[in-house]
Amino acid sequence: MPDQHFAEIVAFAHEAGHLKHTPRTGWLLGGVRNGESVAEHSFRVGVLAYVIAACEGADPERAATLGLFHDLPETRIGDVPSVGKKYITTTSPHEIVTDQTAGLPEDLRARIIAAVDEHESAKTPAATPESQCSRDADKLEALLQAREYQREGYTQLDEWVRSSAEAMTTATGKALAAAALDVSPGEWWGSFARAVGRG
Amino acid sequence: MPDQHFAEIVAFAHEAGHLKHTPRTGWLLGGVRNGESVAEHSFRVGVLAYVIAACEGADPERAATLGLFHDLPETRIGDVPSVGKKYITTTSPHEIVTDQTAGLPEDLRARIIAAVDEHESAKTPAATPESQCSRDADKLEALLQAREYQREGYTQLDEWVRSSAEAMTTATGKALAAAALDVSPGEWWGSFARAVGRG
Amino acid sequence: MPDQHFAEIVAFAHEAGHLKHTPRTGWLLGGVRNGESVAEHSFRVGVLAYVIAACEGADPERAATLGLFHDLPETRIGDVPSVGKKYITTTSPHEIVTDQTAGLPEDLRARIIAAVDEHESAKTPAATPESQCSRDADKLEALLQAREYQREGYTQLDEWVRSSAEAMTTATGKALAAAALDVSPGEWWGSFARAVGRG
Amino acid sequence: MPDQHFAEIVAFAHEAGHLKHTPRTGWLLGGVRNGESVAEHSFRVGVLAYVIAACEGADPERAATLGLFHDLPETRIGDVPSVGKKYITTTSPHEIVTDQTAGLPEDLRARIIAAVDEHESAKTPAATPESQCSRDADKLEALLQAREYQREGYTQLDEWVRSSAEAMTTATGKALAAAALDVSPGEWWGSFARAVGRG
Amino acid sequence: MPDQHFAEIVAFAHEAGHLKHTPRTGWLLGGVRNGESVAEHSFRVGVLAYVIAACEGADPERAATLGLFHDLPETRIGDVPSVGKKYITTTSPHEIVTDQTAGLPEDLRARIIAAVDEHESAKTPAATPESQCSRDADKLEALLQAREYQREGYTQLDEWVRSSAEAMTTATGKALAAAALDVSPGEWWGSFARAVGRG
Amino acid sequence: MPDQHFAEIVAFAHEAGHLKHTPRTGWLLGGVRNGESVAEHSFRVGVLAYVIAACEGADPERAATLGLFHDLPETRIGDVPSVGKKYITTTSPHEIVTDQTAGLPEDLRARIIAAVDEHESAKTPAATPESQCSRDADKLEALLQAREYQREGYTQLDEWVRSSAEAMTTATGKALAAAALDVSPGEWWGSFARAVGRG
């Protein structure tokens, strides 16, 4: 591989790192001033896509890959706020990721573009099972995060919980969204702490 | 799947989300007070593992999965600081992830434990190519992040850049670490901004 | 005035307050992770517009008003990042502010729309002197802020200083941009502290 | 204008920018640890002063100017906490702003001093209608901000809402404070989001 | 004293300063994302140890000293999260502080080691009254902080209040923990503000 | 002790905790936007006072106590910025701490007032050795913190280093200030990390 390719991959990796500094704008509307980054969201979307796909009998690693890469275009357009959708038109994720990967080795570039394209296909007739798992993971992640912020005291996030739950399309996604309404965000360490003492 | 499984998956997902609040302790030592979370780190480790594996001819989606899950045990032990290694003994990641996934459906549990185990195998004779890609991604991510913090003005991070570069084991990892020393963290938007104007 | 008008004004004021939580995205690109809000920027644009207009012989209070309101549409579209301009099309500020003020008393609504429109006219043949002062203030504010961040150690903001300086159109704006390159951001308290002791 | 004047204006603008880093101390008492800056407060005071003045038949641009500049002296004395008033004596805003503007061109200096003086006159027999609008805006801004923080979960801010409402002197200010008790801080985007979908 | 001793003391003081950047991990579990540092905690532990010892008839300055130094070993091992105790074994505070003070003058070193040792003795038959005051102060500080965070809206901290209260061993500690359940965290400024007006 | 005393002590402890939210204003002037709290400063002042007193042959626990309590009055007046001293007059720390401790048991109250008074005596003929150690610790702490911020990239803090060093009065304080100019803030973990590997 020519040296230039390595430099281009490094530049691409720095671009991906910008998602660490890209705020999820929905939380700002809900009053969460120091909310998560798109990178943090994408991390758990990847995890959830893996989990949902495993339950659905789809390919978990493929689904995790879709979840991991699905917000990559936001390095260039940010997380367009829902209140802005009436006023903003964006080019397709396909077009943006095609630009983002312009310097990469052809094979790698094609793979990343394909991953973004497949995630975007979730709402079309061409949807793959993995794209549906990844999209459900995207929505479920927001639902879980909303509940975690509610635990911190935020009072105006019910709409996020509700609309995220309604967006589920897979059987697993629907069941998880329903279960999430009954599981405390602190359940994992609460039960654990009770078992081992808190000292 | 019994209902209890969905509740357990939700609790597991909240636990994974705790990595959004788990600081990477190395940066605190280097003077970066509001540094990234383990979730942000894991996001880019997943992306880099994918990229390195694609260049190495390994399975990119498997490598991305290893990268995504590799720090999951840190929800329970935190990111043990390097200066603490003389004083702290931790049980194996295998043991922790076995506890973390105790309530999950068996098949899913086995998959996640296997992913953490495989990542950990990277320094052993049993290392798979994907584990080596994931481990190199872990180190390369720290190198890139150190350079991004240096751009912000931090003056004591040279050691992170150097030791991360030296830890590379794959040919691609070595080439990327070398290239990273010459690529500005802002190159991606600088060249882009020059092309389209900054307005 | 009907009661509903007061409720609508309150809702409008809460919307304006959202600019306190709207990050200036340019700084994120430059590596400033906890940068200023659009509200903080708008505050100093108002002050600078006043000052420039006073020096230019224009109406300072009109210019300050333009500066204060000019980013109001960003409550709905955010601060579109410069790297996104290739990919994002937004409706005009006029259209957005028309929506934002829909519930206000007619006279007040017309005034606010006119203020945003006048600021936007700065680059057109219909430019008023006050709109040119307000636009120069917008650019000069970014220049001063870039220099303040450079003082904190940020190393990649030269481009912001340069491009902001080049955007000046009024004689006062040009002279201030030139002077700014020689004045330390801490000059005001440094000279002051020397005069009264720091004790 | 002599070159020195431009340098002095730049130093003055950097001083005004310090309000971006000056915390509003009242919120700290109320438990809001990462609260707004004085610059953010001043931004919305300017907007509200404009709005109130328009409703009151006063000069909106004059009122906005008073609101914008009214806290300028806080670059030198900070936002003196209410609990400190028994223990702290400060010189008048007039004296401080006279020092702050010492290097500015005479005409500009006189204008800025006059703006601060006029705002301060609000509680005296010399009060102008615009000073009363600006002062009411100052109090109303705190009321709205308190309600926005309450939305985030803060539980001890009732006193801010109550005492701010009681401080109103104009008919518009009183009507807005009354209306504010019934309007949700998220009403603006809630109704908007319902209209266009949240997708 | 040889020059090297001064350099070693400075290095030791920088190490102590690292507690300003060491997060209290318990709050992260409870959902408090931007919580206090170990240094902030230690400050109030010192104050409370002084107060409790004065009430108990023990030596307040000795107790304050124990409280001030008790978490010093956390510069090297961090604040081990309660959920990690099953998985983490740490060497004794005695061993760590012995390393931390290796370069200090012998007399000073012995004093600091003795202070950490005495604090640690609180749960042993060798407990001194001052060590019990310092340990109660450590727990009471957490209780008060939990209540302060509850005031900010956090909803899952009851367990911290309860378990801290139960850990008290001195009569004063028990009485203060009981009293704390009835005193609002804002009582001090509320009553004060009412007395002098809030204007 | 009557129950009311316990409630008063709790309120006093909450007041002391407010120093966790009280910013050190000097750093804001120097461009450090998210700087330390007065509580964090006080923690290390206590530690340094102890160390200096031990080297000076004074009572280390007394000196630590003075350092711990010396900024207690700042809960009511904040950290008055150096640039404000021309404009602000404050009542004496004695008077403030007398109010702060009004509800405490008499003996405890007298002790705390005496500690603040003794610290304040450092610049008077009545200075005790411990008060001089505590005052030097206060200045040295600022010097060390300035150097730690410089490590993060801040460029305008030389004045803090210089003026703090000049303020030293004890032989130990002078020697430590001189040594501090040659010791890297990261020396403690750098040498340590080299010894045990950074892995």
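All chains are identified by letter, namely A, B, C, D, E and F, in their written order; residue positions are counted from 1 within each chain.
Methods note: a contact is a pair of C-beta atoms (placed from the backbone, for glycine too) under 8 Å apart; a residue touches a chain by one contact, two chains touch by 3 or more.
All figures in this text were calculated on a predicted structure; none of them were measured in a lab.
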{"item": "Chains in simultaneous contact with subunit B and subunit F", "value": "C, E"}
{"item": "Copies subunit D and subunit E touch via same or different residues, half shared test", "value": "different"}
{"item": "Chain pair repeating E-F, as identified from B-F, D-F or C-D when over half of the contact pairs by residue number coincide", "value": "C-D"}
{"item": "Angle (degrees, nearest 5) of the CA superposition of subunit B onto subunit E", "value": "180"}
{"item": "Pair of chains joined by more contacts [C-beta pairs], C-D or A-D", "value": "C-D"}
{"item": "Per Cα centroids, the chain farthest from subunit F", "value": "A"}
{"item": "Mean-CA-position distance for subunit F and subunit A (Å)", "value": "45"}
{"item": "Rounded Å distance, subunit A centre to subunit C centre (Cα mean)", "value": "33"}
{"item": "Centroid spacing, where centroids are CA-atom means, of subunit A and subunit E in whole angstrom", "value": "39"}
{"item": "For subunit D, residues contacting two or more additional chains", "value": "18, 29, 33-34, 75-76, 83, 86, 148, 152-154, 185-186, 189, 192"}
{"item": "Pairs of chains in contact (touch as defined earlier), listed by label", "value": "A-B, A-C, A-D, A-E, B-C, B-E, B-F, C-D, C-F, D-E, D-F, E-F"}
{"item": "Complex contact set, residues of subunit A against subunit E", "value": "34, 148, 150-154, 184-186, 189-190, 192-193, 196-199"}
{"item": "Residue ranges of subunit B touching subunit E (in the complex, touch as defined)", "value": "18, 21-23, 25, 28-29, 33, 73, 75-78, 80-81, 83-84, 86-91, 95-96, 99"}
{"item": "Contacting residues of subunit C [partner subunit B, same complex]", "value": "29-34, 82-83, 85-86, 152-156, 159, 163"}
{"item": "Subunit A - residues contacting subunit B, complex", "value": "1, 3, 6-7, 9-20, 36-37, 39-40, 42-44, 46-48, 50-51, 54-55, 59-62, 64-65, 68-69, 75-76, 105, 107-108, 111, 140, 144-145, 148, 172, 175-176, 178-180, 182-183, 185-189, 191-192"}
